Amino acid sequence: MLELLRRNWGISALTALGAGLLALVPLFGSNYVLSLFIVLYANVALATAWAFFSGATRYISLATAAFFGVGIYTLAILHVYVSIPLAVVGAAIVGFLVALVVGLSTLRLRGVYFVVFTFGLTELVHQVLNWWEIKINKTVSRYIFTDVSNVNIYETLLAVTLITIVGSWYVSQIRLGFALRAIGEDETVARHTGVNTTRVKILCFALSASVMALVGAVLALRYPYIDASIAFNNTWSFQVLIAALLGGAGRAWGPAMGAVPLVLLSEYLAGSFPHHFSIALGLCFVVIVYFLPGGITRLIERFLHSLKAARAGMGGHG
Amino acid sequence: MSGPGDILLSIRGLQKAFGGLVAVRDLSFDIPQGKILGLIGPNGSGKTTVLNLVTAEFAPDRGTILFKDRDIVGAKSFEVCRMRIARTFQLVRVLPHMTTRENVMLGRMFGSAPTVPAHAAKEADALLDRVGLKPRAGMFASQLTYIDQKRLELARALAAHPELLLLDEWLAGLNPTELKIGIDLVRQIGREGITIVMIEHVMEAIRALCHRVVVMNAGERIAEGTPDSVLSDPQVIQAYLGGSDAAA
Amino acid sequence: MDRRTFVKGSAAVVGAATLPRTPAQAQAAPDKIRFGYAITQSGPLGPGADSTTVSNYKLWNKLVNDAGGIMLKKFGKKVPIEMVAYDDQGKPDELLKLTERLIQQDKVDMVLSPYATHMNLAQAPIINKYEYPVIMTTATTNKTYELGPRWPYAFWNIAQPREASQPLSKAIADLKKQGKIKGRVAAIYPSVEYGVENNEAFLEAAKKDGLEVVFNKSYAFGASDLQPLIREVMATNPDAFLAFSYPPDTFMLTEQAQILGFNPQFMYVAIGGVFPQYKDKFGNKVNGILVYGPSDPKAPGMDEYAKAHRDLFKQEYEPGGVNVYAALQLTQQAIETVGEIDRKKIRDVIANTTFKTLWGEIKYVKQLNANPWAVGQWQNGELTVIYPADKAGAKPLLFPKPAWS
Amino acid sequence: MILFEVFLGGLLLGGMYGLIALGLNLQYGVARILNLSYGEFFMGGAFTAFFTIMLWKLNPLLSLFVSLPIAFVINWLIYQYLMIPLVRRAADQDALDADVVLVTFGLFFVFQGLALVNWSGDLRGYSFLSSPVHLVGATVAFNRLFAFLAACALAFALFLVLRYTRFGTALRAMTIDPVAASLVGIDVRKFSALAFAAGGALAAASGMLVSTFISFSSTIGVEYTLKALIVVILAGVGRVTGTLAAGLVLGVVESVGGYLVDPQLTIAINFGLFMLVLLLRPTGLFTRA
């Protein structure tokens, strides 16, 4: 880790500086600004966690909402019995464990089968949980009353987001990350090259799920009321996927490049054209695919590349 | 520990069927340590299935695969690799969006002696140098020419530090100059003490490299011996001519 | 959306709530009163929000401004209103963020209610923090009675589960007492908050009233076929059938009951039963069906309301949305009583006044509408209001429901 | 006796599942495009039928004369001008799927948005053939029976076309191996465009038929896309004739299971069955192993 830091000191310093500045936002930002950042962080963290597994392995998961919802429910149930930080950590652990079980059974499916399976999983968990709540608790509603301030939620989510991005980058630099990418490239080759593909996939799927559950739990601190349809709202799954693909799922910072403009765009459209939001969003996707293949990341990299090439060219002549 | 001359891999009564089709039937043969064994036969005779059974891509229906006197049937593919058995693929398989260097690093990092990326990168460069790919280390594997992708596959397999190397038509599709370089490379690897099983249609290479040859047809072993004796066996010639696809 | 710049006049009014009072003459009248709302425009809840809530916000906006605006007697002039609207996409996080945007960035004078119970509940803590009175027009939960004191700025306008279910239970009990039915009740409900809580409240009331609940099951919200369930209900031979249903199931089970010839003498469907489309689809077969959340089409002012609605949207108004319009009317009355935008005072006026609205008299007790219209019935092809029976305008129950023709 | 009626109801429901999935299997199985805006054409078909009966007071079946050609043409255009560039540049099916999912998801938003703006989000429903039919002691709704029969007829017609026409043979060849098909002289692009367009027209037809007994709104599309996708996966991608059978299995299990276990679990049973099949037989129920 230290070795990696030393080799990438420039970007590390920049990240630390940026994180420090963002941590100061609550000092002068209004509550609205905090809320906007909270939504931003949640989207960035979810998209990064999604891309960490699905981007690298190309197992396109639509189960984001399932793990997000597991986090919300774990918090809703636990916060009555234990302290809030413990409940939040508990949510991450439960998300991790649920994903382990799911991963064991599903990760041999590939392609669209995996996609549809994960979608079905979200619905199934939603339905079964709903059934359980009605049969056992005679209600579907749960109330979460906490006195956690917006600032605390802000700082927690900022930390979660940073850890997710840095963690995702760190993993990409170690053996585990190579293994993940190799699985996405050609799983058979990876297997025959000594990669314990099953273990790598399940471990990373569960890590990614635990972040999703964590984000769900932190966001839930702001909801006084939840039920299964809120917790397992599958628009999260789609939104996160779109953000990651828009940004470019191949780099640790790629999903953030997609999530940030999407959130800001929706923030702009929500006010200016509330009725035409979906049309504009739809056209955006189409434009992205035809004019921005590979996502924003590739665009930036290409730009940096040409910059470097230009500089090298000048150096050569000089 | 096995020394030169000991049996490294011993296959006994190996059988595998897909649906009604028996791909490998009651197959047995041995490979001594340090030797190069050719596995030949017409297309569809079950050669690649044998490699897939050894590397646990499929589980055999019957039979044993003894590697250094230990039955490896039931081990997973990655475990087989970690026992120091590495392979290439019939249709060349590189990891297209990873660089040439990264492809080789992967073999080093997860093979029999796992190591950290920084160390693996150094060794990868040495291996790339050896197969003549050093200048292309930073290119994406998908950008390489066919022959370079073949070289890359070999480097990746070698990176796993194998004792047994399984080559699946590694020399196929090369032009005469490339073929000569390729044969030299395999010979050199063999001289370093790595045992090799090569499936090959290029008879020139079989003659030049192999100590022994096993001939398969319709899943069965129909002949075994030195290259010269086997290739003049009428049964073998019949099998090749009768097959849908003549030898190259 | 209209994004004309917001001049300092109304900022002064906003400030008036918190700053030390300066002489009234020193303040200029605001040139606009800004109302803001964040509501679901996309996603599964979008349609309901549109027809029940947003349409009334727009209609009211137009009618108030056509009449010159809201009278602020402190300044002695009418001030037109302006709406700032956002789409919350049906997500609580978006709603929270956008509500703060309305209050902090747009500095709106008043906030209007979002759509659906969970969204109203999500917003309640914020509007209380900033002390914006909001009349929640689409929120109903058994928790109301506990939540009321927690959120003094939140008002609950529609019939809560108990208010909605008790009259039904009582009506069946009365019919039983009169010997008209045996009091065998079957109740079904979808697996959503509204269905579950109304069912629970009904079971509680039924127990007290000594009814025999012979069948009680939930079904999956979004199910494509309710015939097996209705068959099961029929097998228990109930004389009263209640469905605490959502719009798509309300339509489906009405049709399937007809196909199976299920003819309970007392039949109740919940949300969607008041929709004009319900009547359009089933014609006079709707007669005798009891429905949730009606309004009185004969109430004073309703003709003008219906016409204005038709003129603006080219379609019939949704009776379930009249309570939304009523909430806007009483908000206007409260503002006019106070005479300026002083939200604390406005809140107190709302809390303590009896208002006359399109939806009948509204008076909040502990912020809860004391006597909202809970149950209606289709009679002669028209929606009528039945319960609470003691409320002005209530019609007698039509019993038994005519058999499907 | 109730159980028999429940079973029969499940069959009819299954017919509906099969019906809504037929077109998607043409689009995904034959043209290899996973069209997430599929349900919007279903929704369009339903709305056309609704306006035909409620505004113009005509038989809603007549709406097919409008909705089918429109859906056909729009889908053909989508394939021709939006999908072909993607097919051309895609390195493999995975890469194509990723692009296609984004674009058709975008189209889904655009179509749904247009519908919302023009037709509002109100819930719609009308009565057509809503009379009881008595079959061996059980009662079913005529409109559901009608949709079921239409589903059977369409599936059978598709079967005949695939089996006995040159066009059908070409489509089957493409389903099995598009590369080989193009090598034997089949114009894969042209036939894919036609199959894709036909799939869209089938979506509109199923929307019309289902709207006779299920109420709908502008936002209904995505729900039916996903339902159809589940049936397609269950049947096996490209197994056009297996689609109806898979739908029937799903419908019967859902109805009978819901009746025997708990009506609240119908959707859970539906997804549970689907996931179980996926785990045990990932290529679908009606494919050869």
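Labels for the chains are A, B, C and D, by order of writing; each one numbers its residues from 1.
The definition used in the following text is that contacts are C-beta pairs under 8 Å (C-beta built on N, C-alpha and C of every residue); 3 or more make two chains touch, one makes a residue touch a chain.
Predicted model only: the values in this text are computed from it and were never measured.
**Q** Following contacts chain by chain, what is the lowest number of steps it takes to reach chain D starting at chain A?
**A** Steps on the shortest route: 1.
**Q** Counting only C-alpha atoms to place each centre, which chain is farthest from chain B?
**A** With centres defined by C-alpha atoms, farthest from chain B sits C.
**Q** Write down the chain pair with more C-beta contact pairs when A-B is set against A-C.
**A** A-C
**Q** Roughly how far is chain A from chain B, going centre to centre by Cα mean, in whole Å?
**A** Chain centres of chain A and chain B, defined by C-alpha means, are spaced 41 Å apart.
**Q** For chain B and chain D, let me know how many angstrom lie between their CA-based centres, rounded off.
**A** 48
**Q** Please report how many Å separate the Cα centroid of chain B from that of chain C, as a whole number.
**A** Centres of chain B and chain C (C-alpha means) sit 74 Å apart.
**Q** Can you work out the whole-Å distance between the CA centroids of chain A and chain C?
**A** 37
**Q** Where in chain D do residues touch two or more other chains at once?
**A** Touching at least two other chains: 116, 262, 264-265, 267-268.
**Q** Two-or-more-chain contact residues of chain C, please, as numbers and ranges.
**A** Touching at least two other chains: 41-43, 191, 218, 220.
**Q** Among the residues of chain A, which ones contact at least 2 other chains?
**A** In chain A, residues 127, 130-131, 134, 275, 277-278 touch at least two other chains, as defined above.
**Q** Touching residues of chain B toward chain A in the complex: what are they?
**A** So the residues of chain B in touch with chain A come to 55, 57, 76-78, 80-82, 86-87, 89, 93-98, 102, 105-107, 109-112, 114, 116-118, 156, 160.
**Q** Could you please specify the touching residues of chain A with respect to chain B in the complex?
**A** Per the stated touch rule, the residues are 3, 173-175, 178-179, 181-182, 185-186, 188-197, 250.
**Q** Per the contact definition, I'd like the list of chain C residues that touch chain A in the complex.
**A** 1, 3, 38, 41-43, 84-94, 96-98, 100-101, 103-105, 117-118, 121-122, 124-125, 141-143, 191-193, 196-197, 200, 218, 220
**Q** Contact residues on chain C for chain D in the complex?
**A** It comes out as residues 41-44, 46-51, 191, 217-220, 222-225, 227-229, 231-232, 235, 247-248, 251-252, 255-256, 258-261, 272, 275, 277-278, 280-283, 315.
**Q** Using the touch rule from the top, collect the residues of chain A that touch chain C in their complex.
**A** 30-32, 34-36, 38-39, 42, 127, 130-131, 134, 138-141, 143, 219, 222-227, 229-230, 233, 235, 266-267, 269-275, 277-278
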